[in-house]
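The structures come next, written out as structure tokens.
Shared between the two complexes below is subunit A, which has subunit B as its partner in the first and subunit C in the second.
Right after this comes the complex of A and B.
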């Protein structure tokens, strides 16, 4: 009963047996019933909507407004139109942060997709200890980011870290400085980011793999398709909905990356790992330029929206 | 029935609105209140930082009618973030601590701080950092504690290495030489300790450079004064007299552990570490060894020696009054600030090992009377005699400039850019981004 009402709150038709169509609204019992059902419907979504409105919608709308002011959060903010956005055009730090964000996303997205899909394929087989390995792969995702950063920083330590000691076995040349080298800091952060995220996306891919019909694989095998051909022509097409979802999620997460970089490198050395989210944080909460920080946030918002829309359109075209 | 409920709710809401409106309007004709008064004060990490409660209790002991209630905020940088949110929302306590000097001007410009020039005028002019709090002739926060950077040294390691201890006349050259000699001698004796430990913070290099260099200024846009200080810092780590920046940051080395477990013979650090070291030696967290403090090394001989006043740096921690305070409580809050920043507050803070902004003989005696604090004359001199300049001089551009200089620091210290290039880049960025 309730489901019907929720699905069509205030819809054109009332529940069976309600007022005949054409009856003018007013105090007619049918109209009241319709209103009542609509209200009940609204009450079901109200808690969720209220939470969304108060915690997300209002702040986001306010953000758009603040980005047009010179707010330092206290006192009155003066409306300055698009001045903040104009300033972004010549702000080299913003450009650095923007490039770094694309660098991170550009490498992190494909790398995570490949690694987590490979893991999922590997652990989708019937093998001993599969559950154990799945848990192991998922573990980084639920570990505290601060612990991850501290441990990885130690592993990456140029002089005493195990990673460079291991690499030193194979080469006498210069070893990477990792998080304290301006050229290696970003690869180091991407490695850790991928390592942390792979378990979660592996789980999503594993779920997706369960929907691939076994008959298709069998038919392909009978037709003499190699395992690579079966992967390309059976597994991948069947995984498309999952792939789409995973890519969108990783993309948004990559553009918004913040915590990992803040605790691992604080954007350094210099500005070599400064990303947009951290730039927003610094401008806002360190330098109190909330107007300007909001403008950067709006830019990040549109980047995320744009990339997601492109992905949706691409997916739709493929579906058609 | 429904209508009745609606009417009742509406009436209640209207009444509530009226009442809140009445409650929030300041009482214009208020005078110094009689009877019990409670003022609120912001503090952080009350379990580990006893100074707020100490000041509150000391004030109540002297003024039984007044209760100072501490409202706990998160520690670290989150203090400013949380306080900012409360100030913007109008729910911040009556009195709050301006923890980071670089944010002082933002609070003042935002109209969140009451003009308390009258309180400042009544304080001892010797109160450390008081002068630096003036903005256009008015003062909005008064220092109640001011740590200054001094040189901690491990007497046992000096003796073991056969190197002469600091005598108060050291310049940075003497310090570098000693660090090198200590490292060599300690290494020869099979020890893993280094001559010096300079923590990874930008202030360890830039704070001294700004305070000691002639004509150095943050807002001038010329950071050439940083160069010799960075050259020295790099040379120290390249020469093995101090752990490299890469090791300090990637291994998250703690200065307390480095000095406390005798992994470094010298440590430039703020005076807050005295109380920590004493506590850690008592608890066994730090090794038992003889140590002392010396004046921080100087740029040249003109400010070095026991007949001079050594120049060092340190930001005062200050107290301000929320501009949104109930008028009736202003007089009490001002009196509390006068107390906290004055000799009585100083004595109360010294008793728990904290360095107040006003260091008089009583304070020095109290600090050096605490168990475990070294009692030699050089330590007393280093503690009580210094010209301490702020690391973050009050200015509208300070926070933005410090961010850029902080990024230059990590780039230079990690060896990502040569010293001169890193500084030139910072100058260019300040010119472009801060103006």
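Right after this comes the complex of A and C.
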């Protein structure tokens, strides 16, 4: 056994290619070879895994403990059992944040799926300029949140903004106040969120559409199926794995929405766009109630896990 | 008959292009507004009706902004972080991906499931324990915090693994028989063959780090450590009525990313498609 350690090359990051050990030419026992192989395998994974484990896994695990303490800025943390969770029950701001998060997700998820799938269907054909339109649709996704938030805030400006000027052409009635009106702030944020994300999911859908066999479409066309029928009975079933992946990704992204809202409205006006992530941030990094904030974070954690598991099971059942 | 169906096809095509052009115009409108406004005086930004061609075209904002903000520092910091993080992510990601894709050993599949599992866990749910931990190491308010935060993501491992799996195992087998070590196979065969995937990962990581707002917001407090996103946000707060100048700052923060994206967009598209299809 000890010899395997000697056999094992110095470090994972030693000059690659300079360790030409190769397969031992001697008659090495199978077990020894296996162990050696496992050790080499681990050296490949370790540099990334160590960082990943320490930076991601450890905090995820400690989260649950911290949520059971009154940890705060002074570094003291006493175990207080479920007290934080009991407090959540009567915390009005928390309830608002929870409802707003579901509001955002409930509209943003279907809207983004429909818009990005429509874009993908429109662009999934041989045509001049397809690459150009694809680039345009994807572009918002790679631009910085701060820049786009401030631009959209100006566009949404109730009195002089271009959007209300445009709407004013069609109606003499009251125009939406957008980000400064508590009923319109959330729709405004959802519009920007969808505008920014749709290009990314469109790319995922486009990749999925490549896997739909053209013969199936041809056969359905010969049988006289309309394009809507072909979409429902050929495209959608073939697209199910992609649809599953995309809905899971959009769902998680929607429930954790934060930076866009933080920069656009800071949760306002009032608490009309306050979402869970921002509430965690405020409790933790502004008021330094780490314990209480962690309890809210645990709620967010379970919402995301639960939704993913439900979607996974639904997908499994459909597959069977 | 044939003429009529031809006419219908042409008609459908025209409708398609009209719809797409309208959508493209709508999508690009905010960027157009951003650029146009940055070339105006303050008073010209909000006019009824909107003035889509600045008259006169005013470049002064692009001169003033350097004096009124620490734009140079922010850009320098952001570039440094983006390059460092990208380098580490690509190196450790492709290295780990080789272990996951091309080697068999106990524990491999469980480990990979752990990576995949964390995709469903939002960062916002564990950024508090993470902050306490990193502060405990005395790394709060240093670049180290951001580097640690961004460099070891599961995404890079995932993307590279998907790509490596498309490279036939027989190639590795042949190299093993020729006496190349596993590290040699990774460096001399997999890395050169996976240049497109490396390009995708490089671009995506660079852009993500460049655009990250929350990480720097939580960790970087000193002004001299600020990145472009934090700097821009504070700049907006400070000059909140100087619309034209704010738009100039926004253009400058988006410009490097836009250039990188336009040059390498093929890799963005392919990288995202790889992670999506087999997801």
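To be clear about the criterion, the second predicted complex is superposed on the first by the 287 of 320 C-alpha atoms of A that agree within 3 Å, B and C clash if a C-alpha of one lies under 4 Å from a C-alpha of the other, contacts with A are read in each partner's own complex, and residues count from 1 in each chain.
By definition in this document, contacts are C-beta pairs under 8 Å (C-beta built on N, C-alpha and C of every residue); 3 or more make two chains touch, one makes a residue touch a chain.
Everything numeric here is computed off the predicted structure, so don't read it as measured data.
Peer 1: Let's test your reading of the overlay: on subunit A, do subunit B and subunit C clash or fit side by side?
Peer 2: With subunit A aligned, subunit B runs into subunit C, so clash.
Peer 1: Is A:117 in contact with subunit B, with subunit C, with both, or with neither (first, second, both, neither)?
Peer 2: neither
Peer 1: When the two structures are laid over each other on chain A, which of subunit B and subunit C touches more residues of subunit A?
Peer 2: The partner that reaches more residues of subunit A in the superposed model: C.
Peer 1: Classify the contacts of A:154 with the two partner chains as first (subunit B alone), second (subunit C alone), both, or neither.
Peer 2: In the superposition, A:154 contacts both subunit B and subunit C.
Peer 1: Taking the superposition as given, does A:285 touch the first partner, subunit B, the second, subunit C, both, or neither?
Peer 2: It touches subunit B and subunit C both.
Peer 1: Report for A:191: first if it touches subunit B alone, second if subunit C alone, otherwise both or neither.
Peer 2: Touch partners of A:191: none, neither subunit B nor subunit C.
Peer 1: Would you check which partner chain A:135 touches, where first means subunit B only, second means subunit C only, and both and neither mean what they say?
Peer 2: After superposing on A, A:135 lies in contact with subunit C but is clear of subunit B.
Peer 1: Does subunit B (first) or subunit C (second) touch A:263, or do both, or does neither?
Peer 2: A:263: touches subunit C, not subunit B.
Peer 1: Output the subunit A positions appearing in both contact lists, the one against subunit B and the one against subunit C.
Peer 2: Dual-contact residues (subunit A): 150, 154, 157, 159-161, 285.
Peer 1: How about subunit A: which of its residues touch subunit B in the complex?
Peer 2: Per the touch definition, subunit A meets subunit B at residues 72-75, 90-93, 150, 153-154, 156-161, 177-182, 266-272, 274, 282, 285-289.
Peer 1: Under the touch definition given earlier, write down the residues of subunit A that touch subunit C in their complex.
Peer 2: So the residues of subunit A in touch with subunit C come to 9, 12, 14, 16-17, 19-23, 34, 37-38, 40-49, 51-52, 55-60, 62-63, 66, 71, 119, 122-123, 127, 129, 132-140, 142-148, 150-152, 154-155, 157, 159-162, 165, 195, 199-200, 203-204, 206-208, 210-211, 241-242, 245-246, 248, 252, 255-256, 258-259, 262-263, 276-277, 280-281, 284-285, 290, 293-294, 297-298, 300-301, 304-305, 308.
Peer 1: Can you name the residues of subunit B that touch subunit A in the complex?
Peer 2: Touching subunit A from subunit B are residues 77, 80-81, 84, 87-88, 103, 106-107, 109-112, 244-247, 249-252, 399-400, 403, 407-408, 410-411, 413-417, 422, 429, 432-433.
Peer 1: If we count contacts the way the header does, which residues on subunit C are in touch with subunit A in the complex?
Peer 2: Answer in residue numbers: 13, 16-17, 19-20, 23-24, 27-31, 33-34, 37, 45-50, 91-93, 95-96, 98-100, 103-108, 111, 114-115, 118-133, 148-149, 151-154, 156-157, 176-177, 179-184, 186-188, 207, 210-211, 213-214, 218, 228-229, 232-233, 236, 243, 246-247, 249-251, 253-254, 257-258, 261-262, 265, 268-269, 272-273, 276-277, 279.
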